[in-house]
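Each structure below is given as structure tokens.
What follows is a pair of complexes built around chain A, which joins chain B in one and chain C in the other.
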Partner chain A sequence: MKHPPQNLHQRLRRANHPRLWLLAGLALSFIPHLPRLPLLIIAPSVALLVWRLAHELALVALPGRFVRGLLTVLALAITFTAYHTLFGREAGVGLLVVMSCLKLMEMQQPRDITVVVGLGYFVVATVFLFDQSILIGLYMMLVVVVLTTALTAFNRGTAQPPRWLNLRQAGQMLLQAAPIALLLFLLFPRIPGPLWNLPDDSTAAGTGLSDSMSPGKISQLSNNNAVAFRVQFDTKPPPATLRYWRGPVFTYFDSKTWSNPDHQRRPGAPYQQPGFRAAGTATDYTVTLEPHQQRWLFALDLPSRLPLRSTLSREFELISKSPVYQLRRYDMQSYTDYQLDPASPPDQFRYLQLPNNAAPRARQLARQWRNRFANDADIMQQALQYFRQQPFYYTRKPPLMPGDPVDEFLFDRQRGFCEHYASAFVVLMRAARIPARVVTGYLGGETNPLGDYFIVRQSDAHAWAEVWLSGQGWVRVDPTAVIPPSRVEDSQDLQRIAPEAALTLAPPGWATRAWRQLGFGVDNMNHYWNQWIINYNDQQQMALLSGLFSYLGLKNIDWRDMVGVLAGGVTLVLVALALPLLRFRRRRRDAITAIYTRFCRKLARRGLSRNPAEGPQDFALRAILALPGNASAIVDISRRYQQLRYAPRPPTDGLRHFRSAVRRFRP
Partner chain B sequence: MAKQPDTRPGRFNLRRFLQGEGPEPGPILLTQNRVYILPTRHGVFFGLQLLVMLVAAVNYNNSLAYALTFLLSSLCLVAILHTYRNLLHVQVDVAHIPPVFCGDNLSAPVRLDNTRKGTRYAVGLQFPPQDPSRVDLPGDQCFHAGMSLPTQQRGRHRLGRLTLHTTYPLGLFRAWGHAQFDRHYLVYPRPDDYHPLPVTPSYHLNLSGDRGVGSDDFATLRHYHPGDPLRHVHWKIVARGQGLHIKQFGGDRAEELWLNWDDLPTLDTEARLSRLTRWVMDADTAQFSYGLKLPGSQIPLGHGPAHRHRCLKALALFGANTPDTGTAQTVAA
Partner chain C sequence: MTDIKAVIDTLAARASDVVLGKEHEIRLSLACLLARGHLLIEDLPGVGKTTLAHVLAKILGLEYHRIQFTSDLLPADILGVSIFEKERGDFRFLPGPIFAQLILADEVNRATPKAQSALLEAMEEGQVTIEGETRPLPEPFFVIATQNPTHQIGTFPLPESQLDRFLMRISLGYPNPRAERKLLTGQDRRELLKDLQPCLDSAQLARIQTAVPQVHVADALLDYLQALLHSSRQSSHFSVGLSPRAGLSLLHSAQAWALMAGRDHVLPEDVQTVLPHVVGHRLRGSNGGDEDTNADALIAKLAAVAIP
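And now, the complex of A and B:
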């Protein structure tokens, strides 16, 4: 090496600053993707980034053309190995990350640099496809600032000081762009729905409720506090005991696992809808559903309206046409007081199905009850009585039941959570020839006192049963609810399962309360973020504009008006920006000369006018001879003038002192 | 200067857009109707990318992707203003361009006045088809750039169009403005390789008689002017405290040399001019008193820089028939 070895700091100072900004921006844009990227993608990307950084520090050379070609082939192979495809959301991100790192290997020309900055902006956009939280939004804003700084630095060319100039320039431009962006966000006509069908991302892990249920297999119910959905009631919210949020319904039991054969099918022609008789008043509300990669939509038992782009199954499940990848907001209506299909007896084959070998002891018990009671309702009551009287416990950590889960739960262990109770109850009912099915969903939800809405969390997931009684139709039965409070292990669960009993518990301490209050505040912020930013759509857009237009006394607006308002607004903002930016500043006369001229004018009034060829020194000499009383002032002013004009380093406050000296001068 | 009606500033005109204003005296202030702006190749590419992002945002119905697309689009709009502003109200002028010999590079002293307080970064200057040079114009100051231009032909030439351009800050747009100055420069013929001077010294009879060949005699004293050779200072008078005086020598004899076009009948026009140029330079260096005879014109005997320029100019403009070129009689100082 030609130069003596330098330390890292010196190398960093010597490095090309625009490229360092770019590397930083690109690396920062990858960070949110890290948890979803396989190691197979992360490792080569980091290696390439480090390679480029080392090159910027003049430590290594960049690869030649042949090696680059080899690396490109390798990158494609790696991506394909990791995802088994190169298309779709997940694989697309993997490919984008690897390829933009690869592009770093040949980044020399300004053209390449602009391309890499563009790729960086693109990575930012892909992050939003997975996460649109406030924090990610703010963080990505930072990344955009860094990338824009890199672009500015490249176009400035030299890396002369001032050091933070590029950052300032980029920040200033983004700030100026913000109002225009806001107008575009609010008024750019939103086209609803996907333009083409999105590819199904089978690799995307689902959160929330799954489409099967295997009590006895899970030894611990997850205590996931993530928000499942939020609900804003337009009418009076139903009491806590009626807040059952209906989700997937299971009809088929294979002695271990509950499932629903309909779920495997694509939603086709809707079934003959079951009869539905509503009583009482409707409850209107809006659900803001967090993305859970599945097709369920949740509604209060029992929904009386269909959200857009969804269907209703024969078990009254709301099923979206496409998986919920994005936050989804829908208006709903439900009747909590209802009768479902009381007239026609249900499909015996479907709702009485039990595998032959399953739960022999439970069948025996059910047969005894069947012999004892003629009425289905009495048998149902007897079953609930059984749960109440036998020492059943509610626990989040039940023992594993590897044999026959229903019998083991009912007769040996007698410890479990909602899924165990619902499953066992439905098996008992079916054994007693009463049509029954398992309903899963959520129960309850807590009010956010700061935001007047309900939060339903993943930990509120619940399972209950529905039985068909002649004359009443499908009736909801929650066997978990009959467990006495003394046999519920966790007070948190008690609050959910038996809200009245929980009131008798000691109130939580101040720290808990404060913590919860903080949690409510954050959730409230998230709720509004979701409502106004994430889920801002064509309808909200129209509502906003109608509000604006009705204020002006106009009606009947359509998208053309919106475009008009948008164009007008953007023009206004641009003009407001352009006026100060493009104004021509007529150069003021040089301040020093102006002040000195004032001094000469003052002397001229005393009959001493400066000859055009007379220098300040000669003039001062003549003035002192004529006005000896002002000698010191004249000398002072002349000295200051010459200092300002000719000194290699004029005094910092010179102009101010010079001005005040001339102002005070009274010849 | 009389302007065509269709080239009035302020009205869009394709010729003006492509070629800029006609020649005009400096200084030229790049006002709104002189600065143009269009997207660069990167800018077009970036626009396409924004379109793809918009489609993705629509397809996934993703609000933050919308927001990002809109922010970057707005950034482009703002960048238009900033790029335009980076060139707007630059005042540009070109000072006198010293003559050069053909084949040498001339240096056009371009003076750029950044009329604004803030620095203007990465402003490109270019006399097409030369390569551009990129400068930063510090705030509230004049920046002097010597633009180097090759010369290919002797004569009087109009200075080419100066293009100022910038893509700062984002490189997505390019603003440019043309300045065509009504400014000419002179290119002397390329001096030939060394050829001995046609020395046939002619002795000119002086009325005062011959006072000795080869000796320059003292004639008179005069006051010193800056630039006078120090060896002519009359040091004895200085020593007496009477100020600096110069001894002037008036020779009755000088080596007189006529450089004659007709002495070179074997060469073609340009070669003759080239040879004569060489001789003018050598005669000047040798401090001869020389004159130039060209077909149709004649420059009397003389010496000194002004005389040299006069001769070289006559050679540069030889054969040119534009009114500008004139004859040796119209010599600018």
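And now, the complex of A and C:
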């Protein structure tokens, strides 16, 4: 057989359009996964997609059974090489992507096509395991439209529909499904807590504060603008200098890294809670925490309420019972004016621990201070004085300190980020026999003027110290706060640690302000998306439904009512969607028919009802036989009706005469 | 219009003088011929099928041939043959009985399918091809075929595709007692036939035929027609729905019927009148069963479709 020479355009026109839609949908569904997928998965998947596309353009043949089997084994091997497992979220998605592409190699029967479309939908769903932002949501909707178009096109069979008809119908179908989806979203009974526990993924790198602190660990977050959490205050927000968001606390130092032995323990039996004396007024707020794969929850120093499914550690950390894999929202209450554990002297062993060989020069200095001052508070002040007077610089790019980091920082380089200050300060305090610990968390956060909430970013990560002073308990000391503004290198940091001084800086230009305004707008949208869509949970559902039910005068709803409301709602939507379809069948009743129907009704009252299949002439005959007295009127009306409805040129004022004739008709 | 009605009424009256008590069937036959359709008359032997065909040919003033279909009839017996003439040293074509304006194909289902198809092809094409030469058939060209009920012995039932080529199928049935008495006491039908004079010439007939498609069909009526077709295709009672050709046949027949009633537009009643005769031989029930009763039931189903 001879093929006429074809260019690519002709081949595209000849190709099977449903399959092209399907290939496009599948490829689009992979795109959000691309940054997560290793090249080892991407390369073969793209190759298989291209293979299939070339086959659709009649350029190459599909592989035979043997090659397909070989490719399958190869795909499994590749996935295993890339992830060292075939299970879990990451490896599962990798396997799904490469296997979907492999399925294209044997896609011939309608059954295979349906399977591939199903796989496409599944890939779409897996994207939400990683990212649930509004943009991804919109994008995935687009992908679903493309996949549904492919499905519509396949089911149309061989008929060539007009252009874009499949797309339009797919869009129409999805729009019709939208109210049902909304009802299911709002009303489907939700299980408290996450629906399933995602397996702990070793490959998933958490962003944010980790469970240890070593030099450089927090400063590497300083350029990360990702949102850590958002806060909505119900009461007046505390001043900027008090906005310390407490996170993991570290007690154990190994001369380089700070950690906390408690963090290795499973949560469960909590230690006896430390004594806590609050003063002043409470601050109420709601935190919406972005997933960070760790267990800490953040709260304003010092939390006075425990969120659901969490415990409080002896260092007053809020620890969630399970790692935060999904957006988490919790109501909190804190007292910024407090006394922590003033009565009982703390565990000496735990809070005075120092490795023997660490920081000899710092110990030396601390011993001098100890000999000079009797009072712990004076020693503390002396240490802060040291930071203030010596030429310490606050910088995001601290120099490498390969030797003893504390000594090198304190005496040689004197340049560092908050973790250097906090670490050195706690080492100094412990060397002077004052119980101390490192606290990490976030400081500050910016207000979103558009949404009336605070955004705390990863770049707001901070570390500070807590020192136990008799009579006062644990006191927060932030050694970075004593650095004079002139020695703070970055204006953003200045804003954070010395807001008053930052006011003297030149105001930003209009472009910067506009950019920031746009950023606030986008963040505001994300905030509401998180609050109402992502984090719509069992409690919010209950609140919504109780509101609805109390409006109807009902109380005490349970899941059975919810299912009832759901079933009723879905039925209503289906009926609403079906009605126009049914009405379409029924003829629209124009004026002539309406008047004739009135005539028939008048006769029906005399026991003469028209059979729907009875023509006007036959009916008139029957009527005349039954009511000979009205014969002339019946003939006249029927004739007029026939003229209007069936004759070629109905008389100009025929309708008016017809109407009045029927009105005058008295059988 | 009214003069057409007068002409038709005269025709019907003349025919009724010979075929007694069958005025409705006569009018249906006339409607069929006016709509340029072929007619199939199906009934038992002896109820006057052939007579009716004869009468129609006579009163319409058409040149007609009768072909008696038998099981040994060959296509050449219908179409004609070429024979060698010694004097001229050439072949000469002897036209068969098909070359006439009106063909009476008597007992068409007694012939073999081969002979049947020779006739039926001529019906569809309006021309015949014999020995590689295409010869046109006269204008107008009608076929009135009669057939015995298919369950009788020695019949080859016409396949559905060929039945579809007949615009209408009518059956005569027994005459009513009064007509039968008149028949028994009256003159011999053959004599009457002989005396029957044409009431129409071919020009008049052509004029009436061209008037048929001009009868107005309103949108409302097309809605009804489509409702009928739709019902036949959707309903589970029918194994096959009505074809678009059936729809056209229904429309043309109804137009002819309206014209014969002296109207310039079609009414639903016109459609309902011709409906059983136009669709009766085209419908198949989904449950099998006896053909005749089945057809009646099916037509009743269609007749019950509401007029929109």
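Please note the rule applied: the second predicted complex is superposed on the first by the 566 of 667 C-alpha atoms of A that agree within 3 Å, B and C clash if a C-alpha of one lies under 4 Å from a C-alpha of the other, contacts with A are read in each partner's own complex, and residues count from 1 in each chain.
Rule of thumb we're sticking to: contacts are C-beta pairs under 8 Å (C-beta built on N, C-alpha and C of every residue); 3 or more make two chains touch, one makes a residue touch a chain.
None of the values given here were measured: they were computed from a predicted structure.
Enquirer: By the touch definition at the top of the document, which applies to A:L138: first (chain B), second (chain C), both, or neither?
Expert: In the superposition, A:L138 touches no partner, neither chain B nor chain C.
Enquirer: Looking at the overlay, does A:Y121 come into contact with chain B only (first), chain C only (second), both, or neither?
Expert: Only chain B; A:Y121 stays clear of chain C.
Enquirer: If you stack the two complexes on chain A, which partner ends up touching A:L574: first (chain B), second (chain C), both, or neither?
Expert: A:L574 contacts chain B only, not chain C.
Enquirer: Look at A:L151 in the shared chain and tell me whether it touches chain B only, chain C only, both, or neither; answer first, second, both or neither.
Expert: After superposition on chain A, A:L151 lies in contact with chain B alone.
Enquirer: Could you figure out whether chain B or chain C reaches more residues of chain A?
Expert: B
Enquirer: With the two complexes superposed on chain A, say which partner A:A178 touches: chain B (first), chain C (second), both, or neither.
Expert: A:A178 sits against chain B, while chain C stays out of touch.
Enquirer: Is there a shared patch on chain A that both chain B and chain C touch, and which residues make it up?
Expert: 587
Enquirer: Where on chain B does chain A make contact in their complex?
Expert: Contact set of chain B toward chain A: 31-32, 41-42, 45-46, 49, 53, 55-75, 77-79, 81-82, 84-85, 88-89, 115-117, 121-122, 134, 136, 140, 167-171.
Enquirer: Could you pull out which chain C residues touch chain A in their complex?
Expert: 216, 218, 220-221, 223, 264-269, 272, 303-308
Enquirer: Which chain A residues qualify as touching chain C in the complex?
Expert: Those residues of chain A that touch chain C are 587, 612-618, 642, 645-648.
Enquirer: State the interface residues of chain A toward chain B in the complex, per the touch definition above.
Expert: 110-111, 114-115, 118, 121-122, 124-125, 128-129, 132, 136-137, 140, 144, 148, 151-152, 154-158, 160, 169-170, 173-174, 176-181, 184-185, 188, 190-196, 198, 325-326, 533-537, 570, 574, 577-578, 581-582, 584-585, 587
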